[in-house]
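Both complexes shown next keep subunit A, but they swap its partner, so subunit B is in the first and subunit C is in the second.
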Partner chain A sequence: MTLLPWLVAAWLFAVGLYGLVTSRHYVHLVGCLTVCQSATYVLLLGIGYVHEAGPPVFYDHPPGTPAVDPVVQALVLTDIVVGAAVTALLLAIAIQVQRRRGTLDPQALRPLRPPPSAAE
Partner chain B sequence: MSLAETLLPVAVLLPLGVATLLLALAHWLPPRLPKLVAILVALAVCAFCVLLARASLDGPVRHWFGGWTPDAAGRPGVVLGIGFQADPASAALAAFCGLLFAAAFVFAWGYFDTEHAHFHVLMLLFLAAMTGFCLTRDLFNLFVWFELMSVAAFALTAYPLGRSALEGAFNFTITNALASFLLLAGTGLLYARTGTFDFATMGAALARTGADPVLIAGFVLVAAALLTKAAILPFHLWLADAHAVAPSPVSVIFSGAMVSLALFGLAKLVAQVFPGNAEVMGLVHGLLHGLGLATALVAGLTAFAQRHLKRLLAFSTIAHMGIMLTALADGSGTATAGLLLYILGHGLTKGALFMAAGILLALRRSADEIVLYGRGRGLWAPALATGLGGLLLGGLPLGLMHGATGLMDLSAGVLDRVVVALASALTGAAVLRAAARIFLRASGVPGPELLAPTEREHEKPDRPLWLMALPALTLVALALVPPAAVRPFLGAAAARLRDPSLPPLALPEAGSLDLAPLLLTAVLFAFALLRRRAVRPLSRAVTRSERTGFRALQALHSGLVGDYVAWMAVGLALFALAAAVSAG
Partner chain C sequence: MTPRWRLLLLALALAALLPAVLRVALAMPEFGAPTAVLGQSVNALVPELRHVANMVAAVNFDLRGFDTLGEECMLLCAVTGATVLLRGARGERGDVRAGHLPGRPVIPRADATVLVCRVAATLTLLFGISVALHGMTTPGGGFQGGVIAASGLLLLYLGEGYAGWRTLVPSPVLAAMEGSGAVLFVLCAGLPLIAGHPALTNGLPLGEWKDLYSGGLMIAVNAAVALSVTGSFGLLLVEFLEETREPADAPASNEADHEDGTMRART
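Showing the complex of A and B:
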């Protein structure tokens, strides 16, 4: 296996982290989180890849032909479903925040800390 | 398969099935029925897991889903099926979760608008995820329960849809979703080298392979994910936000069970999967031990400087997680027994304390100890729960937590014992100080806690006091059970967490009465009570430097999700550095 998928996964994760740290908008933040998540997909698919092997479907060729690892693909599929649920939840929270506070900038939104204007 | 083995998945399927049914039928059911059903289901899970724990004393209870036993693949060493396994410790912890959920359901009676029973559906989902997390013996399955637990927890935190609740839930979701990606990546790396997800098979494969950077990276990622959930420095920053803003009955579960369950998961992995890998065990004994000590100290100090009762309790939870991590890093049989007992004792105590805070939020419309000054007089039940809870956290030589500390001390060094005593004393004194202010109208002038973040909020007061006080007092009473009552079971549980075939560990009788933490608590408490305004130049200088120090601690907990993620990256770098040092 080449080094490329590992490097791509690490790079995607680093880029996503950078975005998370510097983001000034909740929706952008959710997007960065998804980038981090795709790093794990690349990593998993890279782990299961077998050179010059077909898909793990034995409908039209006999069992025993080389195939990529179907287990990691099942993992990725499971995680895509969970990831969609988390993203949906985060976006729903973002909508509620926008309704209540009129902003989505994390700098202006801090739990348990009253905004400067409302400080007593 | 025996009857227990066939029925093992019921512990998960019951809450999961009832949750779906409630969701489908909530429109037609009378509004009180879901509440009653939820309490009964939690109690049933508790009872079933107690039976499982008893049955597993004769040997582990295993269930392979769909009949995919390890032999089913026809190739030795290849495990395709997903298995559940109840050993005494796992089943007992699942039973404890059921008990805590039942108490939280009673406490939350009438709290929520239950027209559609959403709260109870989410909570039952949460319970199913926790029992699954306890009982699984498959790393990927563990990840799935971890995710399910997280998603239920995210939604429950945001449930009140208040300002702080939404923002706290957002920070919680981002950091913990990131943690679950780390867990998945780590799982993938471990699979790449061992070709299996089954704990036992993976452990055997790891013992054969020897040193390998991919395996260490896999462990680091898995550990970082579980430590994020368990709120260990520097991954802990989300916890104070989430626990302080979640509805009180949910905070009870968060602090009492969710975070310590993550630590239990890590303990189980370290005991069953990694004992054959010297590098990983080096990381556990070295880095994790240091992180535990640092967490206990930093969070203990921060807890002492809080004024919002739920935030104070949240930091105290982090400090106690640090104490538990030192026991995990120690790894000896008695330390593991101490860890298991500490999870129970701390969960019961912390659950009761959060309920007391919830009572104040409902009846006195605040959780700020300075705003509430003297306003809790006449509320004897929450006063009793808070006072006893504070004493138990601070090292009262009675009950489960003290027994657990005694077991942990058997193999702990001097430094460990000093840090544990100091952290316990700081958290205990902080709770007692708040109790004295609120219920007795007794205190000196506020110290650094005056600068701590707080909020005006309240919870719905539409239920009688006794209904809220009953579960709180029950939990405190259970935390006061003498540890001798559970000692034989604990010996078997600690030994079989590592290897199901080991004979029960003979735990020593209660050692010498260690009063040092309690004395330290008394000193700190007296210091808070007798504090006067700084008038003389010397005392003013001391106060000023004290404030500067605590302000730096508060600034660390900035409430900005970007900062939290940056600290998580720092934590990962720390792990990588430690791994490189130990390998090179």
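Showing the complex of A and C:
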């Protein structure tokens, strides 16, 4: 049972990576990236977990009682918020790509090639 | 590159990385018995040193505050980038007409929806402020409180509709909140430097443990983060929902129609 958190993290990362590689749509790709990111959250929180310990907030229980690792929790917390903002940036890019190139298939999007209409 | 080739490339990369991954995986500590010393030292020392109850906030806003400053800059950059990308293509005009698909009737909202959304949006906003304020004592802080408060704006959109929402949520205010939060954070980090101390030196009185005022400078940093996150996520919501409005001038609407056509053809 103690292997379960690592397996969950590995599984999430593998699923996300497979989706990234085989993606045929930019928005789907952004979603897969988020799944990969979630794997790191599971991994980090798993690393910080301590058996039979409380949260690292010493309000109800006094300082000195066992508590889980607060550093990884802080990392995950900031990353969730910043990751959401970065996802929004990627989706904004998706809107622009759709507007200019008329497609969101990474296959059809070759970099540094002028758009077919050359309206820019 | 076809998906088959991409998968092959991935397999090659994984094969190359496999020895390193295996080595790390076999060296992982057992679940529930971490070997990292830093976290447990924080738990043991910081309640005494900083008079705060929430260790996660202490790590975020004090011990690794400089790290959070970097995260804050990333947030600012990401939101600025998204805003520039969306607004740059759309123009600065603030139209007050919601877009709708031709042929689909626009059903007015039920009174119950409007009422529930107004009540829920108010409560969400208050809850967000409360979570942000109690960051030093209970689980919470600027990051969570900011996101909760900003998501209340979405409830306003649901209840009031596009036009009402646009008058209620001024995007310059959100942008100012975001910017001033970042500036406040930089001031908190930089002012101790001027006095000759390391950045983010906690010079304010630390206050009482379990009190609303505890942690000294952490209060200011927490407020900066709360302001910045609320502004950022509010701004993102505004920008993305602006994309749904009716394009006013003819060329834009033609372009939009064309896009709709291609999208429909594709699906």
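As a convention for this text, the second predicted complex is superposed on the first by the 111 of 120 C-alpha atoms of A that agree within 3 Å, B and C clash if a C-alpha of one lies under 4 Å from a C-alpha of the other, contacts with A are read in each partner's own complex, and residues count from 1 in each chain.
The rule is short, and it goes like this: contacts are C-beta pairs under 8 Å (C-beta built on N, C-alpha and C of every residue); 3 or more make two chains touch, one makes a residue touch a chain.
Computed from a predicted model, the values in this text were never measured in an experiment.
With the two structures aligned on subunit A, subunit B clashes with subunit C.
After superposition on the shared chain, subunit A has more residues touched by C, the comparison being subunit B against subunit C. Of the two partner chains placed around the shared chain by superposition, subunit B is the only one that A:40 touches, whereas subunit C remains out of contact. In the superposed model, A:110 makes contact with subunit B only, not with subunit C.
Judged by the touch definition given at the top, the superposed model places A:97 against subunit B, while subunit C stays out of reach.
By the touch criterion defined above, A:58 lies against subunit C but remains apart from subunit B after alignment on the C-alpha atoms of chain A.
In the superposed pair of complexes, A:27 makes contact with neither subunit B nor subunit C. Contacts of A:7 after superposition on the shared chain: neither subunit B nor subunit C is touched.
Touch criterion met: A:78 reaches subunit B and subunit C at once.
On subunit A, the surface touched by subunit B in one complex and the surface touched by subunit C in the other have residues 17, 21-22, 47, 71-72, 78-79, 82, 85-86, 89, 93, 96, 107 in common.
Those residues of subunit A that touch subunit C in the shared complex are 2-6, 17, 21-22, 24, 46-51, 55-59, 63-64, 67-74, 77-82, 84-86, 88-89, 91-93, 95-96, 98-99, 102-103, 107. Considering their complex, residues 1-3, 6-7, 9-10, 25, 28-34, 36, 38-40, 42-44, 47-48, 53-60, 64, 67-68, 71, 74-75, 78-79, 81-82, 85-86, 89, 137-139, 141, 143-144, 146-147, 210, 229, 232-233, 236, 239-240, 243, 255, 259, 262-263, 266 of subunit C touch subunit A. On the subunit A side of its complex with subunit B, the touching residues are 9, 17, 20-23, 26, 29, 33, 36-37, 39-40, 43-44, 47, 71-72, 75, 78-79, 82, 85-86, 89-90, 93-94, 96-97, 100-101, 106-107, 109-114. Against subunit A, the residues of subunit B that register as touching in their complex are 140, 144, 147, 150-151, 154-155, 158, 161, 163-171, 173-174, 177-178, 180-181, 184-185, 187-189, 191-192, 241, 244-245, 308, 311, 453-455, 558-563, 565-566, 569.
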